[in-house]
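Note that chain A is present in both complexes that follow, paired respectively with chain B and with chain C.
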Partner chain A sequence: MKGARLHPLVVMALLLGAGVMLAPMVWTLLLSFKSNAALMADSGAAFSGPYTLENYAAILKGSLTLQWLANSLIVATGATVGVLVLSSLAGYGFARLEFPFRRTLFVIVLLGLAVPEQAVILPRHQLFAMLGLHNSYPGLILPSLTGSFGVFFMTQYFRAIPKELDEAALLDGASRFTLFWKVLLPLTFPAQATLGVFTFLAAWNDYWWPLISATTSDRFTLTVGLASAQMNYAQTSGLGFLMAQAVFASIPILVVYIAFQKQIVRAMAGTAVR
Partner chain B sequence: MIGRALAFGFAGLLAGCAPADDRPEIVVQRFFGECGAAYGESTDVAAADTECGILTTLINRFEAENPDIRVKVNVVAWPGYPQLAAQIAAGDPPDLVTMHQSVISDYAGAGLIEPVEPLLAAARIDPAAFTPAARAGVEKEGRLYAMPWDTIGRLWHINTALMAEAGLMRGGKPVLPNSPEELLAHARQFRERTSKPYLIQAQVSAPDFHVALLYTYLLAQDAVIFPDARHIRLDTPQARAIVTVLRQLNAEGLTTLNQDFPAATAAFIQGEGGIFPVGTWMLGPYDAEAARSNSPLHGNYAVAPFPRLWGEEASFVDGHAWIVPAARRSPAERAAMARFLGFLAKYNYDWSRTGQLPAFAQVVESPAFRALPHRADIAALARTGKQLPGYVERQSAVQGLIGEELEAAITGAKPVDTALKDAERRVNRLYAQMM
Partner chain C sequence: MSGLELIDVSKSYGATPVLERVSLSVLPREFIAFLGPSGSGKSTLLRIIAGLETADSGEVWLDGERIDTRSPGARGIAMVFQHYALYPHMTVRENMAFGLRNAGVARDEITRRIAQAADILEIAEQLDKKPGQMSGGQRQRVAIGRAIIKQPRLFLLDEPLSNLDAALRGRTRVELAQLRTRVDAALIMVTHDQAEAMTLADRIVILDDCCIQQVGTPAEVYARPANAFVARFVGSPPMAMLPATIAGEEAGRVCVRLAEGTVLATAVPAGELVAGTEVEVGLRPEHVRLAAPGEAGLAAQVELVERLGDRTFLYAKLEGGAEIIALEPGFGTVRPGDAVTLAIDAPCAHVFTASGAAHHPEPRA
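The block that comes next holds the complex of A and B.
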């Protein structure tokens, strides 16, 4: 397949598909460079000049925008690191160690995949209120760490690694932790990268939990903060600003995507676990 | 290195020893967006513009004039009710919150907000000073649950150039219909002479648009829409007559079709139709557009309350208000809150520059308010504006359900009778499911 030329019709179909996918993004970008007043009269004005950076300036001049950006980075990074550490440890345990109720516990973890967030959000909110965790970074990060997907994902990955590696390392006198840390963990980097990217993206884009947990302006994440900055009829009288917000919020995601493009594509193709 | 560490530690120690700030703190939570870039430091209220700008400046000024009070401001995503519910559930509500008057019943009924008479008394605000429309919006079962801040109503925004072309201007004023028959006659005449639709309507993704029309003309006939807190009455001859006329306007092409709110807004500015029935909040933007020399609307903009078509003059209205979530507060905090409310009341005129009607009758009658563009034309709303009874809850969900059925009826997807019966049944089922 490598080096094979695609049929022109296939190329055209792909170009058409790419155009359809790109059109809303180009539309968003063009709108973000127009003044709100011009767009209120005619959103078609996006296709002609003059263009302006005033919407981006308004975002950056917003008193708390950089704080929200920092909050999002802290929360998304904290969630990613936490999920990777916990999922790797749990995945190793479920895949390699024998302990009482191992199967039962794993089934419970799997059941967690079937429980939607909506079902637990009220008790979780009450619990966090009792613990005084709202409006704090732990309050925003901790819910991400309880996801079952990471544990399941890493368990499957550890199971796919031949057990002969364990036996060889143990014969050489390695402890269980050394085996995990120095032999098996490095082999899981592709899975870690995939899980890390997905966790980061999910935490960055999360809106609902930050909306009800971080209720003071200085603790908003970027998604909630930018929403709070919108006026009531943003889609009518503040369309340019609204689109600039969308572009601004997606820049870090774009950076993550470009940096981890290979892992994301591989994960999408379902080939990360082999 | 050691010296730096010691200096750092000493600085930290000093910071820890700083005198505690024992000023009372009030947490003010509001929507209307964030505009710190333009108004973050502004205290000149008269120079501020837009809802966000005026309110931001007002709060800055209050802080400047009241250094003995700490004000913490939370700007929440519109309309802010999910956050407020979460804060109340967590036992950490703010002190003063912006709320739509139509939502107050939901919170008052559950005992989540406090009656504000003591705070109003402390702020020396006489409830008799409120306009009838504003007072009705905050009064539930004889108690005042908020300080009203304005009245939001629907208006007829009118393109006078097109109305003149249609022969519907007299003495420089638009000629508005006085009956449903006259409405259809005017609309047909307008289309005949201008080849454009008489009405511009947001009929897509705007469920409250037609609900406001229906409520307005039902209230104008003194119809009892909500006989009690758990039932609605829509399958009535009055409702059928109103919806039938709206359907007729669509069927004859006398209105724009398939437009959402932004598209309808743009269509009005571009002069694609005669009248856009939308809220007071668009008065400012349209007036600014009419002042722009290269706008199709330039010099051709007028505005009026909904015309009387059935019954008496009336308009379904809502409004913004300041509510107080129920919580324990110290006397000093309550005194600070009262001072804040008193301050806001003093500046109600400035808020009315947004296009909304003032909540205080004295401001509505003031020469300064009447001198604002078009305000004399719409001041009657403060008197004719009608709210739903104080016991009516879940208006947001209810209007969504009615809006869906009205859309089906008006576009011809359902017979009017069936749509109204379905709307009634769905709303009553919603109320039956409420605890």
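The block that comes next holds the complex of A and C.
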């Protein structure tokens, strides 16, 4: 496809599609720069000046948005680090170590892929309430670590690494841990990046569990916080402020996308595991 | 007891035996080739020596120490893998240093040894490259360098030339021959390429059917194969095996009657071979040639002509249906389909009994 010219009709269709996708974002961005008063008078005022930064100033000054952003960052980072560590260790174990019931355990892991979150949400809620984990960071992070996908993904990736490398390292006098840490783990970085990005995005965008677990507003993640603000914007915050919150909230995720776009595209194309 | 000693090594995968009571002695600084067809157990034997597989029974000793109870890294062995097995994320320098670091060798010493190995193998320019940036031949050298640098007591080479193209293979073969003069260790190479084994090894160990079939110098396994399998396996093209019957003896040497009736007076001592015994007569191509005009010989029809420039092999079928291979010097003029008469150097013929046991001709005076 490299160097091939696209048909003008295809280009038009792509531009149209891109326009449809971008329009709400541009509208959101424009609304965020309008004063609430102006928008109360005319919701179409977004397309003409004057524009203002007062909504962003309000976020930085008084609102809980920064707290929610920090909560989301802590929860998403904690989930990502936890999933990467657990999945790498478990993946290495399933792919390379011999231990009793290895196959059976792996089948159980695979079965975990088939269990929807909805099926376990009630017992999980009860368990966390019993352990006093609601309204805490561990309470928000721990459920992400129980997913089977990462273990399955990393197991497949470790399996694809030639065993000759293990053997060469063993003959080089490497211990099992040195072999894992210095030889195999660095080779899984592409898979780690892909899994990390997906886990981070999933944790960042998760709405349901934080809605159940975080009931005090200072423990809200951005998704829950923004949703709670939407419910009462007419009375308090106003449309401009709400849109500024949305734009503000999307900045970290935008950074993740830009930094890891190669891994995301590769994962989407299904070529992460060679 | 210096050198390598294998004592009654056996291994099976489930119900399938791979090695049965294999014993072998390798002298210090000796170059040994394990040669055999696929599935003969040669790679398994190499991996047992390296510690990458565990034998079901038997012992492995190196320089007077039992090593089969030790981990692979503690055996004093270095191995060059078939696919090199270089760590892709490390530079050449890091690849070479990895084993020494694990062994706790001082940094200065590591640097010195890397420089020395790089110099010998002419890879000094490549030290900061990663394996992915190198050609197959260069990777092969790095793999050898990684092995040399450990100053092992035993080198294991698992089909070291099989991934190289024909030109590079020839060059690397020479380099491997030079390697042995530079290292103070025995070398064992697994190969299915007999040209490699014949040109490089001091002794060849031929494996088949879970057992060692013969251990001998290249000349021995070629000229005096231990059994019919070795006779068929060693030599390119292989020895032709013609069905025959012992016709009698003449001056203590057997005469054999080929299926189409011709009697050959061999130089094989009669011994236990009695008249009427069904045998196979083994003939190397160099002992079968086109008969001169008027010379008696075996009538045959040429089926395939293999011209190699300096010599030509004629694959022909005798009247009885047996296949025979003749050697003709130069480019030759015979074509497939030609009817020819083949003269046989009968005193060079070998005789194999039904059990595969070999009876060789007595050397000419």
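Definition applied: the second predicted complex is superposed on the first by the 248 of 274 C-alpha atoms of A that agree within 3 Å, B and C clash if a C-alpha of one lies under 4 Å from a C-alpha of the other, contacts with A are read in each partner's own complex, and residues count from 1 in each chain.
As a working rule, a contact is a pair of C-beta atoms (placed from the backbone, for glycine too) under 8 Å apart; a residue touches a chain by one contact, two chains touch by 3 or more.
What you see is a predicted model; the values in this text were computed from it and never measured.
By the touch criterion defined above, A:Ala169 reaches chain C but does not reach chain B. In the superposed model, A:His134 makes contact with chain B only, not with chain C. Legend: residue contacts after superposition of the two complexes on their common chain; A:Ser228 is shown touching chain B, with no touch to chain C.
After overlaying the two complexes on the shared chain, residue contacts for A:Leu73 are found with neither chain B nor chain C.
Touch criterion not met for A:Leu29: it reaches neither chain B nor chain C. In the overlay built on the shared chain, the residue A:Ser217 is in contact with chain B alone; chain C does not reach it. Across the two superposed structures, the residue set of chain A contacted by chain B and also by chain C is empty. Listing the residues of chain C that touch chain A in their complex gives 50-52, 71-74, 77-79, 81-83, 85-89, 98-99, 102-103, 146, 150. The residues of chain A lying in touch with chain B in their complex are 37, 40-43, 57-58, 61-64, 125-126, 128-129, 134, 211-213, 215-217, 224, 227-239. Partner chain A is touched in their complex by these residues of chain B: 31-34, 36-38, 40, 50-52, 72-78, 82-83, 85-87, 89-92, 261-262, 265-266, 269-270, 281, 285, 288-289, 295.
Against chain C, in their complex, chain A makes its touches with residues 162, 164-165, 167-175, 178, 182-183, 186-187.
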